[in-house]
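Each structure below is given as structure tokens.
In what follows, chain A forms one complex with chain B and a second complex with chain C.
Entry: the complex of A and B
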């Protein structure tokens, strides 16, 4: 009798093992399918970028000759000639112009949005609910309905063909998304230290500068990085407001280059496209590291 | 102290209030007013009542064409993008090595996608002698005249925006990873096959995120400008002439700002109606776990 029990136990054990093996194999197969799809899709997705970089080091004959992305004999022609552009200015000028827009815009965004988010997060005041509803409302408001009167306003102020229309609205915390983002961060920071500072006689502004800002730095940096990348990409704003070539940012300069005779010189335009994408790519990879650090630091602090 | 701090908070948000009034609220109402006028830059302004709107809706054939193309673009791009983002997110949602690498690789196009440089790249990739056609002929297919054909021209812009599925995917992935694993174990014990579990467990729990992505992507797609402006220039035969392009040319090329404002308000109304429709319908299909009120 005990024999048969042992026997059936063995059988059950064997069957269980067989079942587990089947399960394991099934898991391995799904895993292999997952990896295959991810790799194929990833390659298709990134191929245009590989091709862009590769082609920027080719001669035009080679670009038109094959769909491959590895240049047979890498040449810098595209970069050297593209940098000169068909205008009296080099691409360096256009990068400098872009910087002249990005620097004030990013700095003003970070400062104004931090101050405003602090006001929303830490104080009660009459009309707060309505104003906060406006923050949420403008998140979804399509810019298309405000653009024309804004243009007329800046025209009245004599700001056309200057960078002011591109960054002054941001100095008034105009990008509701960033106010919202900083507000979320502020809500997760305990108030104890600010209250201690206030008890010790600090004003609310001193509490902001010496207590809140140091804790908010990671969030402020990510706001700055996002604003940097978005401003780098902005095209419609400069297109509407900037009319003289000497003031063009890179986005307009690139559009200009495909409209002129240069458009047949693919390698020049592709090379300048690579340079245009480079700052955003660098910032993205830097910020990725920063985000990871910020998250883990936050985790350690609890 | 309390009376003092009541005003104190107001001072901190004052910059926002000023900016809201000057750069958003007044322009918002101003454009509504403009839409009832025949205002042209540097010229007089007369109140014309509903004239602009009746013109747009009855006799403006460019508008009709542009409106149809815009609806087609949004109807094509938004669902495809969401479906693809969800598909890749659910493939990524497993114990995979190198998940961070794939997530980053898929996110890079979203970072770059709005850039003019990428639109330029697209223009050259889909050109007659571009990389895409070279691959097609290399594989033994016929080369396609992407920009010469109304159907395919719009498709190149749709592909560009699909290429940027990363931001929607990251949101889906975060939502997928927060789903309680015990729900799947319960489903498996009840004998549910994986695809059944996906439709019965995963999809209902994802509906709030699908809803969020749907609204965001839709509002964005209706405002598409860079793609058609740089890649196709609105052609051929106005087949990629999306409404933002029409508004831009009417306002900043012809300086017919009253009429352009009216078109902008029609576009705004369409976006609002669809957004409200989504919000209204959400109580029938969006499932909020633990929320008894809905």
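Entry: the complex of A and C
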């Protein structure tokens, strides 16, 4: 009696083992298929970038002569000649100009948007709802609509051909999107800590600096990063307001090399494009952790 | 001197919703006052108004000699312990403790001395260099307590500080807080406390006096014993005590030798004791109150109520018996053995103890048996 029980148990065990083995195999196959598809799609998406980097090391003849992205004989010509540009200035000058726009703009954005978001998130004041609706309204307004009035305003102020029109609006929390992003993040931070700080004798502003800002850092880094990358990419802004070549940022300078060269030196343009991409890529990978945390934190953090 | 006085304090939200209806409360210097009540009774709102975290809609709050209505929280001489600790997450325990002193511009040596002192009292010295997220609930609450203590405030405010702790820790923190209060008092330091809780055990064990609140009104302010023995109204009677007091609809009539209380088809005769306590002219529909502990089994031949047992919860040494008398439900607490012996066919004969029963006005809920 007892023997047969053990026997049947053995059989059941074997069958279970077999069943599990089949399942495992199936799982492995689906996994393999899934990863193959993802890898292929990923490579297709990245191909233009690979081509850009590869082509920047080719000669002009090779760029148009072959389809692959690996240069047969890598040359640095594109970089060396591209850096010199067709203007009296090197590309370094344009990078410096870009920096002169980005640095104040990013810093001002982070500070002003934090203060404004804090105000909306934590204080009740008359007209708050209308003001907030206005802020969100500008978020939905297409940028182009305000270009002409803005241009006229800055013209009146005599700010044309300077960097002021590019960063001063940001110093007054002109970027509603960032205000909104920070506001959402702030709403997920409990007020108790600020109240504790108030009881500890802090003013609202001290509570902001000592208690709120340290908790808000991930979101502030995201804001800084977004602003950095968007400013780096911005073409229209500088195109409208900057007219002298010595003040051009890289986005305009790239266009410049297309305009002025009699026959396009594609390898130069591509090489400089790669350089232009580098700062954004570097900054992004260095702060990826905060970046992702900042964007995703709005709703989830408790 | 750190007496706290509240006069006609009102809170109105968004112009229409009245949360607090002009309450008056006096907390003496060194007193441990507990505000207790069901959720939504505005006890936390009251505390936050004292702290300065909510604006005052009417009336005034005085701490010591000064009216503090319009002072910022930091200038009121208060310290507060929050329910979820509210430690600054990015600061180590040491900085959490010293933040207030630093803002006040205290010098470094004094800050270090006070931190060491508080850390010793609360046994948090080994935790000083940790971040709040590395602390357990009990440790975090001790740090929060330390943050209040280090300021040497005139009034301590506690907002349900033990609600987030497990039962065992809660009991030990309760003792710690009362000990601390006693020690401060003995040292002659300011030790006035306003403590908000919804837990009546906390209220009864910790408070010198308890203020029972409901819907933005104060129901009764008294020491724990008085609150239990002489509740001012049916709400306080039902809120204080475990299990809850039986409050049932009954009819009161005048019998030959004293008041007679009738539940449905059953009635019971009381004697001179209750007659002497009752306000004159009370007859007819009333709310009758008696605590589950204040029933006893009737002697043979004694006037008694016949109670149908619907359920009995054994708790070891005693048993909570759920019974029906004349269609009304009651809970009775009896010793296990006595209950077993006395039950005949699911019926027991019981009597409320006359000295411990209460009669409340049916409409106003006021206790009319206190005279």
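The working rule: the second predicted complex is superposed on the first by the 251 of 302 C-alpha atoms of A that agree within 3 Å, B and C clash if a C-alpha of one lies under 4 Å from a C-alpha of the other, contacts with A are read in each partner's own complex, and residues count from 1 in each chain.
The definition used in the following text is that contacts are C-beta pairs under 8 Å (C-beta built on N, C-alpha and C of every residue); 3 or more make two chains touch, one makes a residue touch a chain.
As the structure is a computational prediction, the values presented were derived from the model and not from experiment.
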Open item on the list: After the superposition on A, what does A:104 contact: first (chain B), second (chain C), both or neither?
Closed with: neither
- [ ] State whether A:202 touches chain B only (first), chain C only (second), both chains, or neither.
- [x] second
Open item on the list: Output check: A:266 vs chain B and chain C. Expected answer is one of first, second, both, neither. What do you get?
Closed with: first
TODO: Determine, under the contact definition given at the top, whether A:210 touches first (chain B), second (chain C), both, or neither.
DONE: second
Open item on the list: Quick one: is A:218 in contact with chain B, with chain C, with both, or with neither? Answer first, second, both or neither.
Closed with: neither
- [ ] Could you figure out whether chain B or chain C reaches more residues of chain A?
- [x] B
Open item on the list: Taking the superposition on A as described, I'd like to know which of chain B and chain C A:190 touches: first, second, both or neither.
Closed with: second
TODO: Determine, under the contact definition given at the top, whether A:279 touches first (chain B), second (chain C), both, or neither.
DONE: neither
Open item on the list: Just to be sure I follow: which residues of chain A are touched by chain B in one complex and then by chain C in the other one?
Closed with: none
Task: Parts of chain C lying in touch with chain A, wherever the complex brings them together - done: 51-53, 72-75, 78-80, 82, 84, 86-90, 99-100, 103-104, 147, 151
- [ ] Within their complex, state which residues of chain B touch chain A.
- [x] 5-13, 15-20, 22-28, 30-32, 34, 41, 88, 91-92, 94, 96, 102, 104-106, 108-109, 111-112, 114-118, 120-125, 129, 131, 134-135, 138, 163, 215, 219, 222-223, 225-226, 229-230, 244, 247-248, 251-252, 257, 260-261, 264-265, 267-268, 271, 275
- [ ] Mind listing the chain A positions that touch chain B in their complex?
- [x] 30-31, 34-35, 37-38, 41-42, 45-46, 48-49, 51-52, 55, 64, 66-67, 112, 115-116, 118-120, 122-128, 131, 134-135, 138, 140-153, 155, 169, 171-174, 179, 204, 229-230, 232-233, 235-236, 240, 250-251, 254-255, 258, 266, 269-270, 272-274, 276-277, 280-281, 284, 288
TODO: Within their complex, state which residues of chain A touch chain C.
DONE: 190, 192-193, 195-203, 206, 210-211, 214-215
